[in-house]
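Some structures are shown below for you to check.
After this come two complexes, each holding chain A, first together with chain B and then together with chain C.
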Partner chain A sequence: MLTMILRRLASGVAVLIVVAVLTFVLLNLSAGNVARNILGDQATPDAVAAKNAELGLDQPVLTRLGDWLSGAVHLDFGKSFFTNEPVFTAIGSRLPVTLAMVIASILLIAVFATLLGMLAAVRRGWVDSAVQVLAIVGNSIPGFVIGVLLVWLLAITWQVFNAVSNISPGSGVQTWVGSLTLPVIALVINGLASAAQQIRSAFIRQLDQDYVRTLRSRGISEREILFKHVLRSAAPAGLTVLSLQFIGLLGGVVIIESIFAIPGMGRLAVDATTKGDLPIVMGVVIYTVVVVIVVNLIVDIINGWLNPKVRVS
Partner chain B sequence: MKSRTPFAAAGLASVVALTLAACASGGGTTPSDSSSAPAGGGSDRGGTLTLGILQEPQSWDPAQAHVGHRLQPFQLAYDSLILREPDGTLAPMLATDWSYTDDAKTVLELNLRTDVTFSDGAPFNADAVVANIEHFKTDNGPQAGMATAIDSVTAVDADTVDITLSEPDPAMEYYLSQALGLMGSPDSLGTDAMDRLPVGTGPYTMVADKSVVGSQYVFVARDGYWNPDLQKWDEIDLKLLPDVTARVNALVTGEVDATLLDGTTFQQAEGAGKTLLEYATDWQGLLLFDRDGTLNPALKDVRVRQAINYAFDRKNLLAQLGGGKGEVTSQVFGPDSSAYVPELDTYYTYDPAKAKQLLADAGYANGLTIEMPLFTPGGETILTFVAQQLADVGITVKQTQVPIADYQGELGKGNFAAAWFSLFQGPTWVAYQQLLSDTTLYNPFKSTSPEIQAAAQALRTNGDDAEAAQALNRYVTENAWFAPWFRPSQLYYYDASKVAVVAQVQMAVPSIYNYSPVS
Partner chain C sequence: MTDSTSSPRVDGGTAPAAAAPSGQSGHVLRSSPLRRLLKSPTGLIALVILAGVVLMALLAPLLTSQDPNHADLTAVLLPPGGDHLLGTDSAGRDIWARLVFGSRLTLAAAAVAAVVAIAIGLPSGLVAGYYGGIFDGVANWSTNVLMSLPAIIVLLAVRAAVGPSVWISMVIFGVLLSPGYYRLTRTAVQSVRNELYVDAARVSGLSDGRIISRHVLSVVRAPIIIQTAIVAGLSITVASSLDFLGLGDPTVPTWGVMVSDGFKNIYRQPISLLWSSLAITLVIGGFVLLGNALRDSLEDLEKTKEKRAKPAGGRRARPVAVEVGTEHHLLKVTDLQVAYPQPRGGRKVVVDGVSFHVDRDEVVGIVGESGSGKSQTAFSILGLLPDNAILTRGAIQFDGAYTVAPGEDHVTQSRLAPLRGKRIGYIPQEPMSNLDPAFTIGAQLSRPMVTVMGLSKKAAKQRALQLLASVGIPDPNRTYHAYPHEVSGGMAQRVLIAGAISCEPDLIIADEPTTALDVTVQAEVLDVMRELQQRLKIGIIIVTHNFGVVADMCDRVLVMQDGSLVETGAVRQILHAPQHPYTRMLLSSMLEGKTPMTHLLADSTAGSDR
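The block that comes next holds the complex of A and B.
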């Protein structure tokens, strides 16, 4: 088990380095107009050249890459070109908001998708059809449409929740709940559908297995079979789906954060990319890769714990 | 001096708008704990005002201040030497009076207030002004160009400053009411701390632990501010809402009291009973850069440039691209500048037949091709209209995609003979500098003419010389140096039950002083 974790970590670090270097080089090759964007249309060519020098953009790409890497190993990712905010601080202040939203969503998706998936697999018949139809509907409405509808209904018409985020440093739980409930609902509706579908088919596959028949023949209660044996065997498939969902949500929050004006990672990423704020974009890329690696590792560990066969492979 | 990015303007045509380039919630039932307004606080100030803003400062160093959207936040924490009234009149602020001491207008002497301190306790005096202007000259901010003509700044005595210019700059007094005039505490200028926290003499101070980059800024009234008349609120919160959907939602639910909307969202604000403040700060249309035919020989011929102007159905363009809100025009100078000539608004009318005739006369009866940049995402709708209208008279537009972040930079490199843009309409001299001088981004081929040189010379010593200014305007309009379409309206909406707002001339959003509580 430990060997597996170490091997996964090592390959994760390798992936991180390759992605970082590639992204850095690609971004920097197309960074010709950053100084002009920072200074705006009033700046003279001399001022733009001076700004380029100040940002180090007049250096060869490889020199810049070296500088960036030597800073990055000390967790110094530089400062935003546009707001002078250190990259670490910028991400540090937005990460909790996005993670709170994504983790709350994935937990809700996990619970409801499992319940719905199980229900559909066990009952079949009309329950199954209903879940399937709901899944297709939920999956086919884009998250931002759900978001806009929720704002219109619950924030504008009934004024139960905030239309835009109110989260600021030191905000109480009430503000967090008030600001994040609608975005989380929008994310859950979207993610729930496909997760429930996958979990349903995983359950059906397991229910058809010989061991279920054997367990039943021994007179073990249906409830115990379902929750103790089938759930455990179906879990790896479900976990894989949820881990993919989690990573998908990191992308899905981009539009949701825009609509609800949530100061999270998605908005930071979009903003930095449109403006060409290279240090922030690099920070966001590193963060994303790290999250993907960590989530995959956690899923592997849980799978290993659930299923001894995985540990050796 | 453009106040918005092309993207912001294109937001009219796109659903999700992002930008680069402008209280106690009124609803009452909306949960909101960030707005514990000290109800009046015993003063006659107006509680908490919350504004939805489109752009945030890149740094709170006054030398990094900009125009429009990125000037307004600075006015909270910083006073300027000269105050610009809503109608553009210059009035005393930190300077009690000022005048040129020589006929050549190269030495501007300012007398300063003596009762003002910075929020860190340092006194405001002539040395502080010298420190600020010298810092402004070297800090390479977005508006560094305002200080180009400044040769030296000297403290004559504790409350008198002389600004010596290398050549006359008719906009100098205007600049001192803008970014150049913002005064920061000398000890903080250029420090990293000032990037994050403003230190000025202004009516409000920023509450650092409630302010978050990329999200919101909280300001509270400063005790002992020298001019209580300008300090109308106990607290002013700025909420950064680059997305127009978020802005309109926040306004309708009372989470912000005032904000700028666009042609796709204003009906929702109207429906919720919000009040409209409508004013124009920009013109939109084509910049016909290549008047010497360097890149595209056809554009050297004035008849080709005029044909382009006759090809556009401006009313329709305004309806389609500007939501019908605004005024069509054929001139690049705005109604608030001394160069404005009312009849030039209709100098070019929609006349495809005349356009074709002009092209035939110029030897292009079989048509011609012009390459133009298409910024993505967001520029597709605009360029589609351009291409359609020009195709009708026989001009083919070759569209070359440019990422939005690179658009401005590409224009300045002289890679395109013509391009669409939305440009700020400033005072005459400022507009001249932006559109026609040989250093501006928007004149990449550095085209000029004896007529323009003569007008510039007259304006240099007197920026408001209406005769020279209007002659200049007539020349560039008649010779079709541009193809302006319309002045789009800024649609600024506010909750009139709480706040009264007055527009600020030539500014994308009102000055911070223009918001008054409604008792």
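The block that comes next holds the complex of A and C.
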């Protein structure tokens, strides 16, 4: 079990390094225009050259990569080209909102997709058909269209929620809940049905196993078979579905934050991309990879713990 | 939908329905997939939508006289009507014209991503699957990395590096989607590579290239078409999302930009949002539906469910008195017929008019080849047939009461559930797959004794250890605490026998109890069963294809062929004077008691003896 965790951790670090190097080189291939973007069209060539030197952009890419990596080891990811804010603080201050939304959404998806998936697998009939149809609908409507529709319907037409968030540093729980409910609903709608559909298949695969029939032949109740045995066996597949959903949510939240004007990672990423604020973009990529690695590691650990073959050895 | 862009799925979740239980012979004729696609309503809807968009893109200049990029600040946010069919946007541009021309870019974006994804995923999947080795390892690792990155974040970084271009975005997105093709190609190739006909092709001297193109590509063609429909939908989602975020090329009319523009003016002219949102959703929906319909038509997954008449007069079936004079039989099966609905309509009968009885302290064998319906008969008695099975005729009574009364078309679980475990035990065929791998043997063995017999946990454990000892397990305590993967197949089968007798049933149904075991272990397991039977005086039904087991264990024997009983009688009588040709054939195929034939190699060894 421990060796499994260490091996996964090592491979995670390898992935992180590869992605960091590739992204850094890619971003810095076009670093030539950054100074002009910051200073504006009227700047003199001398001023541009000075700015380039100030930002360290006159150095070769490999030198900059070395600098960046040696800083990154100490959690120093450089400063924003535009605001001079350290990347680490810029991301740190946006992280809570984004993670709050993503985690709330994945928990809701986990609970409801499991219930729906189970119900569809066991009952079949109309619940099953409904899940199938909803999955098609959910797969067909892009996240931003769902967000826009929710704003129009719930915020503008019915005025149940605010159309834009009013979260600021230090706002209370009520503001958070009020501002994030609608975005979370949008994120959940987007992933729920297809997650339920995949969890349904995982359940059906387990229900078809021989041991389920044998348990039935022993007089074990259907409820116990379902919640104790089948749920447990279907859990690894279900967790994999949810971890992929989670990765999807990290992308989906970028769009949802733009729609609801939420000051999170997504807005930061989009703004930095538009302006060409390379250190921030770099930081966002690193943060995303780290979150993905952590989530996959957690899933691996839970699956390892659920599987006696891994746990006992 | 952006959410799952990093995880293109092939398995959309429709698990293959159990059209007919495995092992039953017979097959279904396939008609042309395309024809079936057109017949299914979803396929037809998908094709109509997609054909409409393609036409829209091709005929764009004919469909509108307006320039999609012509801004007119005197005519901003006009409602639909007049010169502007669908009104104008915030820059006074004609919405209908932008919608029509936007379809071109939408389709082109999807095409670019799909072509790139196929161009990378297909060859690398072929090579990795066919040759394996280092390339396979590297490709797998890269695939895992690509699949663990949210597409939108990667595309943001690319946009920051190279500026706004839908083409570059779609090329990169194609790279991100290539693992989908890689994986399905690799899996398909791996399974085909080891097929006999590929070996044959190799032996006959075909080059690897020829083998791949002739045998392998034909296998992956269908899944790739399905995957492409999914990929097209995902690409449109991502391309329009980027445009919506304002990261696309502002000079090109796209649906994503239109939604964005409409959203910015949602208070002033909400209707302008509708058209572009609807167009995007319809096209993506078209691709999703196409993928689903293709999968259904290729995988032969049409609904096999039949509408079943609700049992009249409330859920609970009233007890019906059994035929007078038959109450004393432990089990009596009368004229049983079991059928499965077929994908193309009609039913396949797997058990046909089977009648027999079992008394207490009697061992009855059911013999026949695979697919003769013997297991189906056993599962009917247990009430554990698959959901789609229909009892088309007949009745089953157990200990003087019907479990399946005449005229009922399915098993009433409320009647059979109390009998299972407590009165009727079951020994399955395959030892390993019949134990839940996640629980210890002890937990699985003692749990029924707690729920069915009402023992305390401690008493149940005590009894479980005794049972394990009684079926010949040398160290019951160790086995009790072991997980199924930690014991051998023979031990696992003994555990299952212990489980079947744990609640002291009157009847045990053993479905090929020794088939999966080594020959030496077979004899030991049969000894255990015989000893238990003589000690507990229970009735046993042994389903088997092995006359050796029958001769060893049974009092009476039933011979089944193609779902029907062809011969029944006492074991001695059947073994010594079989009446039916099929019984004679089964008997003559046994090796025991035969005089050995001459060695095949006798001549050649003699000749080579120099």
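We adopt the following convention: the second predicted complex is superposed on the first by the 309 of 313 C-alpha atoms of A that agree within 3 Å, B and C clash if a C-alpha of one lies under 4 Å from a C-alpha of the other, contacts with A are read in each partner's own complex, and residues count from 1 in each chain.
Please note the rule applied: a residue touches a chain if its C-beta (ideal position, glycine included) is under 8 Å from a C-beta of that chain, and two chains touch if they have at least 3 such contacts.
Predicted model, so just to flag it, every value in this text is computed and none were measured.
Asker: Chain A superposed: clash or fit between chain B and chain C?
Answerer: Taken together on chain A, chain C would clash with chain B, as the superposition shows.
Asker: Let me test your reading of the model: by the given contact rule, A:Ala90 touches which partner, first (chain B), second (chain C), both or neither?
Answerer: Touch partner of A:Ala90: chain B, not chain C.
Asker: Quick one: is A:Pro60 in contact with chain B, with chain C, with both, or with neither? Answer first, second, both or neither.
Answerer: neither
Asker: Which partner does A:Lys51 contact after superposing on A: first (chain B), second (chain C), both, neither?
Answerer: It touches chain B, and chain C stays clear.
Asker: Which partner does A:Gly276 contact after superposing on A: first (chain B), second (chain C), both, neither?
Answerer: After superposition on chain A, A:Gly276 lies in contact with both partners, chain B and chain C.
Asker: What is the contact status of A:Phe82 with respect to chain B (first) and chain C (second): first, second, both, or neither?
Answerer: First partner only.
Asker: Chain A residues in contact: does chain B have more, or chain C?
Answerer: Looking at chain B versus chain C, the one contacting more residues of chain A is C.
Asker: Report for A:Ser168: first if it touches chain B alone, second if chain C alone, otherwise both or neither.
Answerer: The answer is first: A:Ser168 touches chain B but not chain C.
Asker: For A:Pro263, select first, second, both or neither according to whether it touches chain B, chain C, the two together, or no partner.
Answerer: Only chain B is touched by A:Pro263; chain C is not.
Asker: Taking 55-63, 109-117, 217-225 or 379-387 from chain B, which overlaps chain C after aligning chain A?
Answerer: Here chain B runs into chain C along 379-387, and the other listed stretches stay clear.
Asker: Touching chain B and also chain C: which chain A residues?
Answerer: 30, 148, 151, 156, 255, 258-259, 270, 274, 276
Asker: Which stretch or stretches of chain A touch chain B in the complex?
Answerer: Per the touch definition, chain A meets chain B at residues 30, 32-34, 36-45, 47, 50-51, 54, 82-85, 90, 93-94, 148, 151, 155-156, 159, 161-172, 174-175, 178, 255, 258-261, 263, 267-268, 270-271, 274-276.
Asker: Please output the residues of chain A touching chain C within their complex, sorted ascending.
Answerer: 15, 18-19, 23, 26-27, 29-30, 124, 132, 135-145, 148-149, 151-152, 156, 187, 190-191, 194, 197-198, 200-201, 204-205, 208-211, 213-222, 224, 229, 232-233, 244-245, 247-252, 254-255, 258-259, 269-270, 272-274, 276-278, 281-282, 284-285, 288-289, 292-293, 296, 306-309, 312
Asker: How about chain C: which of its residues touch chain A in the complex?
Answerer: Per the stated touch rule, the residues are 1-7, 9, 11-15, 18, 144-145, 148-154, 156-163, 233, 237, 240-241, 244-247, 256, 259, 262-263, 266-267, 270, 273, 277, 280-281, 284-285, 288-289, 292, 305, 382, 384, 387, 417-418, 420-422, 424-426, 428, 430, 433-439, 444, 447-448, 451-452, 483, 485-486, 496, 499-500, 502-503.
Asker: Okay, in this complex, where on chain B does chain A touch?
Answerer: 1-2, 7, 16, 18, 20-21, 27, 29-34, 56, 58-59, 66, 140-145, 148, 192, 195-196, 209-216, 218, 239-243, 245-246, 249-250, 252-253, 255, 403-406, 408-410, 412, 434, 439-442
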